[in-house]
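Next, two complexes with subunit A in common: one pairs it with subunit B, the other with subunit C.
Showing the complex of A and B:
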């Protein structure tokens, strides 16, 4: 089939809850793959990010790696969808933004009661480097559509995918599918 | 009082001049979103959501603080009004730290419902992420400034209904904060009677009882008006 679309789902600074909700569309995933191939996803073994029609990106941009990744995704996606509250408005991942980064790291790695004195913040060059602030996708790239919700309902995710795959534009307000939290 | 006529959304409505535009709209089931208005309390026009267009006036007026006048022609839901309502709602979300998913009021929050009502799917402004205090010093209640939208319903209910005036407002602009007494911990208040009216008046998860967890908050803002009506009955005896 010529007109099959390509979908990618990506997990940046989030908890994967949005992907769990995506899997909750259950057997309706068969309806999706009638119209499209899922070519890159945590459930697909694919290393390089390919050119796609739709990219669903979960999570906020929290580190240098995410920033490079989201820019690459933007360049290779016809449509970029901010997927879930973290991607749309940072949500829980942004709760560290009220504090200086070193304070946040020290709270977990140095001053946590379970550390029994000692412990140091991880700084190995192989590790990703956290940015001072976690930001929503829209602050670093152009976002074409948003699905808010923590997580978005499976019905909402299916609705949005189905609309886009049939070349229609979903409207969450009129479909009564807006949700935060 | 003499009957006057106003025209709201092209419908002629007979009413009296002692009412606000919001009163008349609510009586006639004309939907106007509000946050700072709470039936029974005085109106301050703080949230700017009830803005309406009045013919002959350039500026949008708040329906809760503007009285109706004879032959007034009012529009409550034009594109211009909708645009400003959405902007206002987004600024509420951007100004402090509203994280619905971990909030006690999740699912029962007036701010969340407002977002759905004005069709806000995302916030177009950068989030300020201010460092706000959470005051847990009161034995039963918590004041979380992260979730406060400065509607001042708690301030007014405490002063006008309970008569304690524990709450007030400090500073201006984005530094504005609700304070207990003279900006001291709530638990040390000498004026608070721990009646809990502020908790029921609060539209978000800013004031909540310690006994509940995420998404479990049940608020009854309508009890404020009920209380006022019951007191009037007693005054009659």
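Showing the complex of A and C:
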């Protein structure tokens, strides 16, 4: 089994919809695990990010922790794939970029209609620090491949994985459900 | 001794999105425990100034696991703004998709997440303790679970062409009908789906019997419960009125219009979490802790809608002599009873002669400034509240989300567990286990907040108040 590949799937600033679409490959996940080990993912337990052949990264980089994480992932992944529209071009996660961060926070935490008297925006040192703007992966690291879509279609995800796991480069111009949104 | 702080940093399960801090006092006993959620995208602000009709497309992106519940709450708010009701067939199609989402989320929670623990053992090799490990140990069961989730997702796909962030739920109804071919294809799934849920039910009941003591004593702190019911108190996921019950099962409020939620629910923002603290307003933040989700929905309901689910429900009610079941472990059982109900109800709807009708949409226009919609997401009740100007542009948005409402009781469970297991500055492996178990019971969705699968390797760091590391333990 010398050619078994290692896959990681990671979740940064997104809604988990891309990961759910990955699970929508349904029974075909059994085909994937014939060819590769899923070594780091919300569906398996692994503490440190290991060296991998393929990393699928969902979501935008929205805070200090994401930035450190994506740099670590980049350093340890042969192939880094921006997985879904949020990773490719920030999508819904980037819609806050049109407003100053403190206004965005205060709207949710200080001025919400359902708030009682004591409203405070999160600022504890234990929390991640939000960056002023959410950015797509390629703005902070080199990205090797993109799978757009919100979320990408399960058939497309399966096709891309299968191609890479068989040492071929996927040709997305033939993937019939390739799309943004 | 200095005041100390423990940090628990869950790594996989709610990775990058949540962590726990436990503060010790000078005597080394637990003073406070807090669950910090690390996730924020700012929907309330960035939707301001957009047209209200865009909301059913934008808001499902809050969460990839319960997007349909968001779309439904959102479209109901839009319909209140227009002052219209969807057609009969549109209701049927929306119900089908909502059932599908509930089913796929519960299948994920039980078969992908919990079954590996229940069947391979809580102490089995963490590397194998997941759906892939389950596929090796019991391929038949893993496949069944995967296919049950698939059926749930197909209920949306066969109506709208998409499984996640579906399109086509529009103010006034639906943009797509259900074709006869698709109706038949969906009906085909029913026997297999029922069999799978029954397999799940026997797994959990067997576990209850074999581990009775653990199940009955696990995280049993009583709370209030809130959820949606039909006119006579029947369990309801899609549409209905709200009910609150107290820890003894007495009804505190009944048949509340979701539109008046602000009279009953308030929330407090705190600086240590991106998740707010909602509470039942009449009892205040100290005593008004309530839970939502499958356990809450069964605790508040008088009965289930469908016969097989009703039979199980009667067994469930016997657990605590008809009173609310507080044991957090029973969330699993509650999910499977709901899944049974989902399948029976889907079959009934698919056999309704009007389900393939083409009369699926009323056309409306802006009529009122304000709209409020609610629905029962897999993890609990969800509210969308929109205020618009006379051109239909949004001026103010308020979103009250299911997992947020479980936040106060999650914090309390963590504090209880920490108090019970931490005696001094020494950390123990047992404490890690217990904290992990307490959080997992809530199946927290922290992307809607964030949902996750598998167990949580953790790092706990014990630091003194100057930030120096005293002890660190890791579990992978």
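We take it that the second predicted complex is superposed on the first by the 178 of 181 C-alpha atoms of A that agree within 3 Å, B and C clash if a C-alpha of one lies under 4 Å from a C-alpha of the other, contacts with A are read in each partner's own complex, and residues count from 1 in each chain.
The definition used in the following text is that a contact is a pair of C-beta atoms (placed from the backbone, for glycine too) under 8 Å apart; a residue touches a chain by one contact, two chains touch by 3 or more.
Please read all numbers here as calculations on a predicted model, not as lab measurements.
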item	value
Comparing the two partners subunit B and subunit C, which touches a greater set of residues in subunit A	C
First, second, both or neither for A:5, with subunit B first and subunit C second	neither
Which of subunit B and subunit C A:88 touches, first, second, both or neither	first
Touching partner for A:146 - first (subunit B), second (subunit C), both, neither	first
Which superposed partner A:99 touches (first subunit B, second subunit C, both, neither)	both
Where subunit A meets both subunit C and subunit B, residue numbers	91-92, 95, 98-99, 150
Residue numbers on subunit B that touch subunit A, as the complex places them	93, 97, 99-103, 106-107, 112, 115-116, 119-123, 126-127, 129-132
In the complex with subunit C, residue positions of subunit A that touch it	11-21, 23-24, 26-27, 29-30, 33, 38, 40-47, 62-63, 65-66, 69, 91-93, 95-96, 98-99, 103-105, 107-110, 112-116, 118-124, 126-128, 130, 134, 150-151, 154
Complex contact set, residues of subunit A against subunit B	82, 85, 88-92, 94-95, 97-99, 133, 136, 138-139, 143, 146, 148, 150, 172-173, 178-181
Interface residues, subunit C side, partner subunit A - complex	7, 11-13, 15-16, 19, 21, 36, 38, 40-42, 44-48, 58, 61-65, 67, 108, 112, 126-127, 129-132, 135, 139, 143, 146-147, 149-150, 153, 163-165, 261-262, 265-274, 276, 278, 285, 385, 396, 398, 400, 447-448, 450-457, 459, 474, 476
